[in-house]
Amino acid sequence: MEAKRKGWWDTEIIDVKPNQIVISGYHIQELMGRVSYGEMLYLMIMGKLPQETAGKLIDAVLVAACDQGVISPAITTTCMAATCGVTFNSAVASGMNLLGKVHGGAIEDAMEVFYDIVNRSEKEGKSIKEIAIDVAKKFKETKKFMPGYGHPVHKEDPRTTRLWKMAELAVKKGEISGKYVEAAQSIYDAMKELSGKHLTINVDASAAAILCELGIPSGVATGFICLSRGLGLVAHAYEEIKFGKRMKAPMPPDLLNENMTYSGPELRELPIERKDLP
Amino acid sequence: MEAKRKGWWDTEIIDVKPNQIVISGYHIQELMGRVSYGEMLYLMIMGKLPQETAGKLIDAVLVAACDQGVISPAITTTCMAATCGVTFNSAVASGMNLLGKVHGGAIEDAMEVFYDIVNRSEKEGKSIKEIAIDVAKKFKETKKFMPGYGHPVHKEDPRTTRLWKMAELAVKKGEISGKYVEAAQSIYDAMKELSGKHLTINVDASAAAILCELGIPSGVATGFICLSRGLGLVAHAYEEIKFGKRMKAPMPPDLLNENMTYSGPELRELPIERKDLP
Amino acid sequence: MEAKRKGWWDTEIIDVKPNQIVISGYHIQELMGRVSYGEMLYLMIMGKLPQETAGKLIDAVLVAACDQGVISPAITTTCMAATCGVTFNSAVASGMNLLGKVHGGAIEDAMEVFYDIVNRSEKEGKSIKEIAIDVAKKFKETKKFMPGYGHPVHKEDPRTTRLWKMAELAVKKGEISGKYVEAAQSIYDAMKELSGKHLTINVDASAAAILCELGIPSGVATGFICLSRGLGLVAHAYEEIKFGKRMKAPMPPDLLNENMTYSGPELRELPIERKDLP
Amino acid sequence: MEAKRKGWWDTEIIDVKPNQIVISGYHIQELMGRVSYGEMLYLMIMGKLPQETAGKLIDAVLVAACDQGVISPAITTTCMAATCGVTFNSAVASGMNLLGKVHGGAIEDAMEVFYDIVNRSEKEGKSIKEIAIDVAKKFKETKKFMPGYGHPVHKEDPRTTRLWKMAELAVKKGEISGKYVEAAQSIYDAMKELSGKHLTINVDASAAAILCELGIPSGVATGFICLSRGLGLVAHAYEEIKFGKRMKAPMPPDLLNENMTYSGPELRELPIERKDLP
């Protein structure tokens, strides 16, 4: 169902007139130097300025997911693109184009889980822990992957630890409710109870809980990942350009040869009627 | 000439080990909540933390270039992409892919002009104003376009006015030299003197001068534009998704029909030898 | 579930050795001039050469979906990108990035419908028409959109008419079964019966039926659209470059101003505690 | 200098009216099944149908450059993108976005060299060989890289051998002049004479010579590479999806760890004034 708009390109975000650029009701020159990058993002999405804490928490989330090194196909792609003779922006965009459902989407999925838990807790009059146990069970029964839990490298994710500390402080000050952090931690407990396994609460889950605390819609969460990982993409693109290699392959030549195996059909002759063509 | 690296994917930016993510020597959890987005960008590019002012000026630059509305082909592309059934990140990357030499590159070109002016001023022992006049003359003689000057809408760019004020304050505090701001303003004066015309110092030129003041290399400047305009791309992508239109065309159907004119060959018959094919 | 591969970059498609490039078992120099573009695509996907008809039908499908003019956000994006100072390939890729589920994905969805109909017809021992009626009813009941039917401009799609004729000939020669074309036509009949409305069988549905006849998997169908529309993207990118406009907006300036309306918050003052910041 | 156009989206390529799609003057249904993919590309770019040979040569060029395996960063990127949860078209576009000046642009540069040689030969009344020697000398003196010569793997490029044979036949039939092929071969001879080294005439040079023979403008040449390599991108994207890996990194984990080295600053403490922040 399409919403009505005034003009074909109507927007609630920006109003440009001669000598005047207004973002969500504020003159841009008044915002510059007075709102942080994270606060500006909040304003442009939510249509209002955040409380001070929110800006700080958003900046922390944006710093948190900035880079993974070359474990990240997005970072690798940008590195390779930067060596192929495209413009700088295209090198960055190439990598960003890989932050899809599997690579950048866990945060959105995790937000939906946490929003659902707190919602149900309020509607059904049950505790967040009870609902979390119910949700974890359903994921287990349907063999669904719980977004934001488990990590190939980190048993404890240092970014999660830090975000929990910042959240704790904000709860104490009454700036956020803490319910979504509780939901995230309850899911961890429930899964450990059910499976006996420790599954690292990774940065997707903790960042998701923080964005829920701030009322950010889950539908825009991948945008936060784009801008966060964007830091790494810009830095790695620039580093590759400095290194000066041309057309960087994914592996050094000696390792690549062994790993570029072929398992297709044996060498064969073209059918005679084609082979006779000039 | 390619620089030597330890491993094939060697980097100076990030070091990942179990339970440990180190960015340019700092534990990520120590940076979170303590450096702004702009400071993190500086750290990842320059390999060191900026002074407080630098972070503030970078955040101001990133806020400044966030959006132009649909005058920007990048914004328009992201809006359309968001209606075509791609993942959120791809909608953002589609627009970013348009921030090329013409759309996002003026800041890099302007930085090169300003770095050159201050460099020459120091080497040749002439004032910045003298060198600026010389540079402006050469651009005029060779009919080259001066990057960062002139604007189709704004006679005075409010973002430039604000950046100059912030720079003035920073010069007073001794945090930046002010030489690059002087270069940018001297180019304006020189072009006015030469042509008699007022050419708005637009945000590309003023942002360029600020980044020069901070010692940012011109080669990474487009990355700042990607992350700045990235704010607008994320916000507009999300807004389109909320509006719910499918496959948004660039113009409303009634206006599009008139403007989608055809000026190619008249309707014609296929050559007979092809037409006879079944 | 991940399949086993010999090397990390193992492939069934290509084997490169010194002085030798083998595609799916054939020396590339033997294929050149002897297989068409469409046949090469078939070979690389299916691992075997197609019958002569298949190649011809694929080329017809690739020609069919080459362009829609600027109704297509993909074409528009490439046109705009070509004016923004990016490399030629990036202008083409920018548009291709918009051929997502809504813009380029109907063919895949339609193939799944047709494969399902013929499958069920064989398993359940019912006629294709019977199954098609059942499928159309279910789509109607669940208010699902039937992919490949209906068109904003064409009451009869000339590309479908042509594909049906080519298919008819191929059925007569015993080269294809004709079952999937029957399925596509039966869906049309069933929907007309159910709703009383004529819904154009558009090129997505007819191309989908043809690809089903050739045994192409639905999962790669969007790739055919990418390469087909790729023709238009390349041609339009080049045309824009010839025209020479810089940073083309979606609308001419006079029309854009009226349509670039703002419906966000009224102009407002920054909160006093921020406004006081220097 | 911008050319005049009727409407804002005026084009010479396509005219769409109800029930009618006209490409460069021809009804699309008349073209389908009667022109090959390569001929359609020629028509859309040149505004006229090619001679039979031209179509065949273009298809041969498009087949020739279809794939390089994972030596190609474009192929690798598409493979990785296909594992990251983006739509199929975005996986293909991600790789295409890497076919820039260094990766896909040699053909355009080579065409400019060959067009220049034949042009000068005609204007200056000298033989193609003489001009080629002059051109090769200038490249050597200015240490410029000659586009299309040399190959890391192939001493003889089998695609070049095949294209030369097809060209020879076409010259005999009087369908092409053979001047650009002569130019390409003369550059090889001249460079061998000057340096004593054998530099493989690779597919970029031979394909470039063929496109020159057909009068294709050099400015659109990269578009041919996009559509040619597009075959490989589609095939590899589909193969990765079948393999089913998630978030494929450029190297297997055991090799990646060793090669993901860090050469940045040592681990260090945050400055005290920041460290004290909560």
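Labels A, B, C and D are assigned to the chains in the order they are written; within every chain, residues are numbered from 1.
The rule is short, and it goes like this: a residue touches a chain if its C-beta (ideal position, glycine included) is under 8 Å from a C-beta of that chain, and two chains touch if they have at least 3 such contacts.
It should be emphasised that the depicted structure is a prediction, and the values quoted were computed from it without experimental measurement.
Peer 1: Could you run down the chains that neighbour chain A and chain B together?
Peer 2: Both-contact set = C, D.
Peer 1: What's the minimum number of touch steps needed to get from chain A to chain C?
Peer 2: Tracing touching chains, the least step count from chain A to chain C comes to 1.
Peer 1: What is the chain whose Cα centre is as far as it gets from that of chain B?
Peer 2: Using the mean of the C-alpha atoms as each chain's centre, the farthest one from chain B is C.
Peer 1: With centres defined as the mean C-alpha position, give me the chain C-chain D separation in Å.
Peer 2: 23
Peer 1: Where the CA atoms of chain A average out and where those of chain D average out, how many Å apart are those spots?
Peer 2: 34
Peer 1: Whole-Å distance, chain B centre to chain D centre, using C-alpha means?
Peer 2: 29
Peer 1: Name the residues of chain D that each touch 2 or more other chains.
Peer 2: Residues 5, 8-9, 11-16, 27, 31, 33, 35, 69-71, 76, 85-87, 89-90, 93-94, 97-101, 104-105, 166, 246, 250-252, 255-256, 259-260, 278 of chain D touch two or more partner chains.
Peer 1: Looking only at which chains touch which, which shape fits best: line, ring, star, complete or other?
Peer 2: complete
Peer 1: Flag every residue of chain D that touches chain B in the complex, lowest number first.
Peer 2: Contact set of chain D toward chain B: 5-16, 22, 24-27, 30-31, 33-35, 47-49, 85-87, 89-90, 97, 250-251, 256, 258-268, 270-271, 274-275, 277-278.
Peer 1: Give the list of chain B residues in touch with chain A in this complex.
Peer 2: Within the complex, chain B touches chain A at residues 1-3, 5, 8-9, 11-21, 23, 27-29, 31-33, 35-38, 40-41, 44-45, 56-57, 59-60, 62-64, 66-71, 76, 79, 87-90, 92-94, 96-101, 104-105, 108, 153-159, 161-163, 166, 217, 219-220, 222-227, 230-232, 234-239, 241-246, 251-252, 255.
Peer 1: Report the residues of chain C in contact with chain B in the complex, numbered from low to high.
Peer 2: Where chain C meets chain B, its residues are 69-74, 76-77, 80-81, 83-87, 90, 93-94, 97-105, 152, 166, 169, 246-253, 255-256, 259-260, 278.
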